[in-house]
Each structure stands twice: as structure tokens, then as C-alpha cells.
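Please read the structure below before turning to the comments.
Letters A, B, C, D, E and F mark the chains in the order given here, with residues in each chain numbered from 1 onward.
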Amino acid sequence: MTDMLSGFPDSLVAPTPEAGFQLAIKLSRLGVKATQPDAEVLNRLRPKYSRDADALIASSQVVAIHYQTIAAANDYWREF
Amino acid sequence: MTDMLSGFPDSLVAPTPEAGFQLAIKLSRLGVKATQPDAEVLNRLRPKYSRDADALIASSQVVAIHYQTIAAANDYWREF
Amino acid sequence: MTDMLSGFPDSLVAPTPEAGFQLAIKLSRLGVKATQPDAEVLNRLRPKYSRDADALIASSQVVAIHYQTIAAANDYWREF
Amino acid sequence: MTDMLSGFPDSLVAPTPEAGFQLAIKLSRLGVKATQPDAEVLNRLRPKYSRDADALIASSQVVAIHYQTIAAANDYWREF
Amino acid sequence: MTDMLSGFPDSLVAPTPEAGFQLAIKLSRLGVKATQPDAEVLNRLRPKYSRDADALIASSQVVAIHYQTIAAANDYWREF
Amino acid sequence: MTDMLSGFPDSLVAPTPEAGFQLAIKLSRLGVKATQPDAEVLNRLRPKYSRDADALIASSQVVAIHYQTIAAANDYWREF
């Protein structure tokens, strides 16, 4: 098993849409760490991808896909 | 936690399909800010990506994915 | 708020699958305009992306994602 | 309105999974025609994209997204 | 109609998650054949894409999208 | 049939969100092996893609798509 998922949330339940978005960001980054667990390597890559429009758009897309999952898990934070 | 999500909406509920689309655009941009919070860097990137067809199509795709989430959250604004 | 969404539909309801597909095309283009509202810039880009296979496939994909949303909104135009 | 959707299906209902897949292929191609209606231009592009692995994979992905929509529209052709 | 879908499955029902995954792989490949039916051309492309990380990741993504469809068709192989 | 899916899980049920994420990572990698079963080739590719931001983001996206499937299969690990 991949064993670098430290800090993985116990639940997909989030109190607010914003907390859910933060969770989606976290899952996106854990997905990167699943392939590259070495934080030093990731830090060396940051200057490039964080100033590259295509990479920023692609990162936002991964967050959007995870946010679909988190929003469904929280029934879209709909108040009945 | 990523703490640059200022202005995050309190709810995914939107009164109209257009308001929902505006929300999807907002979430797409918040997803970019989650990786690059520095507005100056983003402004320097804008001339390039805003005149690049591939980047414009990719941005539209992120909005489309978030719009799926928002539309489902609002039950597709169906009137019963 | 992004204020270039003129002509945004009032509803996601469409009478036929084809009308729904037209709506998905419209939403895809509004997603591009959300990032680049200047029609002149978009027209200058057209000769390139409209003759580029990768861009045409990517555009078709954005329409496919929006069509998922529109089809679900119209319960897949199933006749009961 | 985009008026090049000649031959658009009247319904998303398909008798079999294979007929549904054919429909997904058709919708993918109509999505390309929505951006580039000129068949001559598309034919000139074909030699390149039909021998390019990345383009073939990307095309298959658009079919996969439309197939999700068609399969849901036909309740996955489940026999009760 | 595209007529190269020989061997298309009669049903999306699969006995196990693994059989469902095999089906998703098959659909992904049929999606490629829908654009390029010539097996010789596909074989000539294989040495390149099968040793290209980006192409391998993109292929895995198409399988993932089809697997969503197959898993939903089989109600996630949940035992009640 | 593709016969390199050794170690494919018997079920999509996972006890926790983290276990589900591990399963999504596994499925993503099995999707790569479906196209390139030769572990030696994959190992030779690793130094490149594991230090390439675009490839890392794309890998994270495949995990995100599979995680949607696994989360739905486990009803989002919601406690009733």
C-alpha cells in the first residue's frame, strides 16, 4: 500500500462549502504525494508549476473533481 | 489549511442558472488561488493565458465541472 | 462578479436533445468568455484553434461535460 | 444558434450498449463540428490526428464522457 | 454509422469489479478504434505511447471514466 | 482479455475514506498497467514523470476520478 497519506481526513463530511473546498484541495495534494512522496522534490517543482498558467488551470480542475465528490458527500450543504 | 479562500460563498445555492454559472467561475478561480495565492503573479500570467486558445478551453472545462456541482446542488433550477 | 454573461439562458430546460446540445455549446463558449470577454481577441484566435485537432477535441470535451449537466437537468428527455 | 447539427438524434434512447456507444461517437463528432463546421478542414486534419496517439486517446475520452450520459439515459440497459 | 465495433459487449453488467475494469479497458480501446480502425496504424503507434508517461496516464484516465459508468451500471457490486 | 490485473480488489467497499483513496490509487496504477504491463518499462519512466509537475497533476486527476467511483460505492462513508 502507498503509506504516505499522513493526515488523511477520517471523514468526507465538512461543515461548510468552504471547508469542503479545503478538503478537496487537500485530497488533490495527497493525490500528487501518492506519486511523489518526497516533499523536497515537490518544493523544487513549485516555482515552475505555480507560475505556469496551464499547470494552475490543471490543478484547479483536480480540485473541481474532488469538490464534486465532497459536495455530493455533504448533500451539497442543502438546508432542509 | 490553505487560508487564501477569502470571499468563499456560504452556500452553493444560487437563484438562477446564470448566478450558478458565476459561482462556478468563482470556484474555478479559487482553485487557481489555492495553488498560487499571489495576485501579482496571476496578473502577470493573464496576458499569456487569456490569449491562448488551449488555456481558454481548459479554463472553460474547469467551469463546466464546477457547474455540474452547482447545478446538482440547485436541482438544476427545475420548477415543479 | 464577471459581467460578460449576456444572453445567459434563464433555464437549463431544453425541449429536445438537440436543443440541449446547442445549450451545452453556448455554456462552453460562455465559459471561454468568462476568461476572455474581448470578442476581437477570440476572433483572432479562431483561425488557429479551429484548424487544430487537439483544440477541436478539447472543445468537444467541454461540450460533452456541459451536455451531461443539461441532459440530467432534462431527465435525459425520457418519455414516460 | 449553431446550425450545423444536421442529423442530431431525436432521442438519447438506444436499444443496446453498442448502439449507445455509436451515439456517443456521433455526439463527440457533432461537438467538433460545432466549432469547425467545414468538412474539408476536418478531412485535412484527419491524417494527422488519426495517427497521433495523444489525439486518439483524447478522442476516446470525449466518447467516454458522452457514453456516461447515454448509459445513464438508458438506465445502463439493465434488464429487470 | 461507425461499423468497427466488432466484439462490443451485449451488456454493461459484469460479475466482479475486475471484470468491470476489463470491460472499461475494452470500451476505452473501442473508443480509439472508432477514430482509427486500422490495427496496423495502432500497432505502429504502440511503441511510442506505451513508453510515454503522459500517454499512459491519459489512457488510465479514459479507463477511469468508463469504469465510473460500468461501476454505476453494476450498482458498484454492492452485496445486500 | 487483458490479463495483467493481478491483485485486483474483490470489492470496491473500503472501511474508511483513506482506504478508499488507497484503492483509487491502486486502480489508477492498474489502468496504466493495462496499457503497459512491463514493470521494467514503468520503472524506467518513473524518474521523469515523478519529477514532472504536469504528470503529477495528471496522475492526481486520475486518482480523483477513481475516488469519485469508490466514494459513491461506499455511500461517501456517511454514518446514519
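Just so we're on the same page, contacts are C-beta pairs under 8 Å (C-beta built on N, C-alpha and C of every residue); 3 or more make two chains touch, one makes a residue touch a chain.
Nothing here was measured: the structure is a model prediction, and the numbers come from that model.
Visitor: Once the contact rule is applied, which chains count as partners of both subunit A and subunit D?
Guide: The shared contacts of subunit A and subunit D amount to nothing, since no chain touches both.
Visitor: Subunit F and subunit E are one sequence twice: same or different residues at the contact, by the over-half rule?
Guide: different
Visitor: Where the centres are mean C-alpha positions, what is the separation of subunit C from subunit E, in Å?
Guide: Chain centres of subunit C and subunit E, defined by C-alpha means, are spaced 27 Å apart.
Visitor: CA centre of subunit C versus CA centre of subunit D: separation in Å?
Guide: Going by mean C-alpha positions, subunit C sits 15 Å from subunit D.
Visitor: Could you list the positions in subunit D whose residues touch two or more of the other chains?
Guide: In subunit D, residues 49, 52, 54-55, 58-59, 61, 65, 68, 72 touch at least two other chains, as defined above.
Visitor: Can you tell me, using the touch rule above, whether these chains form a line, ring, star, complete graph or other shape?
Guide: Contact pattern: a closed ring, each chain touching exactly two others.
Visitor: Circling the ring from subunit E via subunit F, which chains come up in turn?
Guide: The chains follow each other as E, F, A, B, C, D, starting at subunit E and passing subunit F next.
Visitor: What part of subunit F is in contact with subunit E in the complex they form?
Guide: On the subunit F side, the touching residues are 1-2, 5, 8-13, 27-32, 34-36, 41-42, 45, 48-49, 52, 54-55, 58-59, 61-62, 65-66, 68-69, 72-73.
Visitor: In the complex, go through subunit C and note every residue touching subunit D.
Guide: 16-18, 21-22, 25, 49-61, 63-65, 67-68, 71-72, 76-79
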